[in-house]
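The structures come next, written out as structure tokens.
The two complexes that follow have chain A in common; it is paired with chain B in the first and with chain C in the second.
For the complex of A and B:
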């Protein structure tokens, strides 16, 4: 892998189109290696159509997002879980 | 909870040149909800054929009502940055959405020491934190390490000199990588562990560390901070990739 990546902070806008919470501050767990870390710290490759976010531990694809004119495709099969910080219920 | 994010039309109201290849854009955004330092906006350009492309830019300063500031570095063959630095003129509209990003932010109510490490145009969101600190009259101890190629590549140079002189508790170290101004003893070189030790905080002070710059710079600095004993959970990073576009 090259260093041609940004990080998960760049997903804040695209994900805010779908979710009202800030997903970049969430903690994700990688299906492949079990690494846990903030979505903001994923390695994001925006050269692909849409965004491809890989685990900083093992480079496994944890999240894919493609925005078409009338829909968004969100693929989270590489993410085992997301812990999303919320204000007290 | 935020409302769902939507594109807004902003208008360029003023321009300030930072360097030969970077400028600060003052934009009026009707209904701007305010933001925290470190947050960014997405800017979208669309041509006559409907082809559109977007990039993220850090907010450079606290909002002044509906007015926000972005500093944009022109990147070679960067289709968005070339437009924003060369063509975009006062009075022109542009689409943007934000503020976004809740991780790489500093809350002005926090009092813990802060270490800011900037590589090149990675200074922009960190400058927003320095400016927000002043606006909030915060006494949080701040140290800024700004790694930059040469004096002519520096953003906000005179303002940073003034703030370092006038704002108690703010220290600024500018570290040159290619050429130094006269009177600077440190030879030009890339930022290293010795710089982080000399100009940063000891890990025992438990500073919150914000590191922003090109990907390679951020990886190196973040790893060095961990090596010095800083808790990785207190290191927040933002990488803008090789181009920034």
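For the complex of A and C:
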């Protein structure tokens, strides 16, 4: 059976519309199982009406993103926290 | 032989049909999924309608197949803009499944194996408008298209026709489902092009 998801790098483009940092380089913690890993390692289902990113540990939905012609909706209720690497202040 | 062959005068149905605004015609059957395809053993499959007071009405796979089936042929319209015409399904009408259900609820929240949900007014599931289907074009419904059974509500965008359906919660209040809670239209009438919240 063919793999029906992509890795989290598929989120780089759509998230770049919303954030100035590269969110795929951030480390996220799953609200369901506590798995901690890079957003780039999430399982992204993009053959859908939006982007759905799931935890590679338990498949819980960690992020949803919907883009209409004039707005975006971002849901992170499945992500307990995001650690975003930044240059020294 | 006449000058004009009848073949030139006959028009394919696809040319005649009017599509909802913004839609294009496809002959394929694209697969859209928000998650992995669940593996649902038929001996563990169950479909449950739960009323607003907690009364449950359940069917096993064998019980579903024993119910009188219908074969609706319908056009389907995906919010990602493809439409597919004249699709034929086989399954059980929601009118039949709801026959013994006592409820005064106005809303339904559809639940699926794999966790997907979608919401709609209960009246949109009744009066010959919705089915639980388990065959597509004469064959058992493939898992990637929602098998063993999916909801079919063809008068609304196809995200309402939930794949891998396992139950319907009847409610007195409306509760947004998986896509409705993140920007998609709460109702989703393709003829009014109700794609996104606010359309």
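We take it that the second predicted complex is superposed on the first by the 87 of 89 C-alpha atoms of A that agree within 3 Å, B and C clash if a C-alpha of one lies under 4 Å from a C-alpha of the other, contacts with A are read in each partner's own complex, and residues count from 1 in each chain.
Following the convention adopted for this analysis, a residue touches a chain if its C-beta (ideal position, glycine included) is under 8 Å from a C-beta of that chain, and two chains touch if they have at least 3 such contacts.
Not measured: the values here are computed from a predicted model.
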Superposed partners chain B and chain C on chain A - clash or fit: fit
Chain B versus chain C as contact partner of A:30, first or second or both or neither: neither
Chain B versus chain C as contact partner of A:75, first or second or both or neither: second
First, second, both or neither for A:61, with chain B first and chain C second: second
Contacts of A:22 with chain B and chain C, given as first, second, both or neither: first
Partner chain in contact with A:6 - chain B first, chain C second, else both or neither: first
Partner chain(s) touched by A:49 [first = chain B, second = chain C, both, neither]: second
Shortest span in Å between Cα atoms of chain B and of chain C, once chain A is used as the common reference: 7
Interface residues of chain A shared between complexes with chain B and chain C: 4-5
Chain B partner contacts - residues on chain A that touch it in the complex: 3-10, 12-14, 16-17, 20-22, 24-25, 38-41, 46
Chain B - residues contacting chain A, complex: 1-5, 40-42, 54, 56, 97-98, 100-104, 215-216, 218-219, 236-242
Complex interface listing, chain C residues touching chain A: 30-37, 79-80, 115, 159, 179, 181-184, 195-197
Of all residues in chain A, those that touch chain C in their complex: 4-5, 45, 47-50, 52, 54, 59, 61, 64-66, 68, 71-73, 75
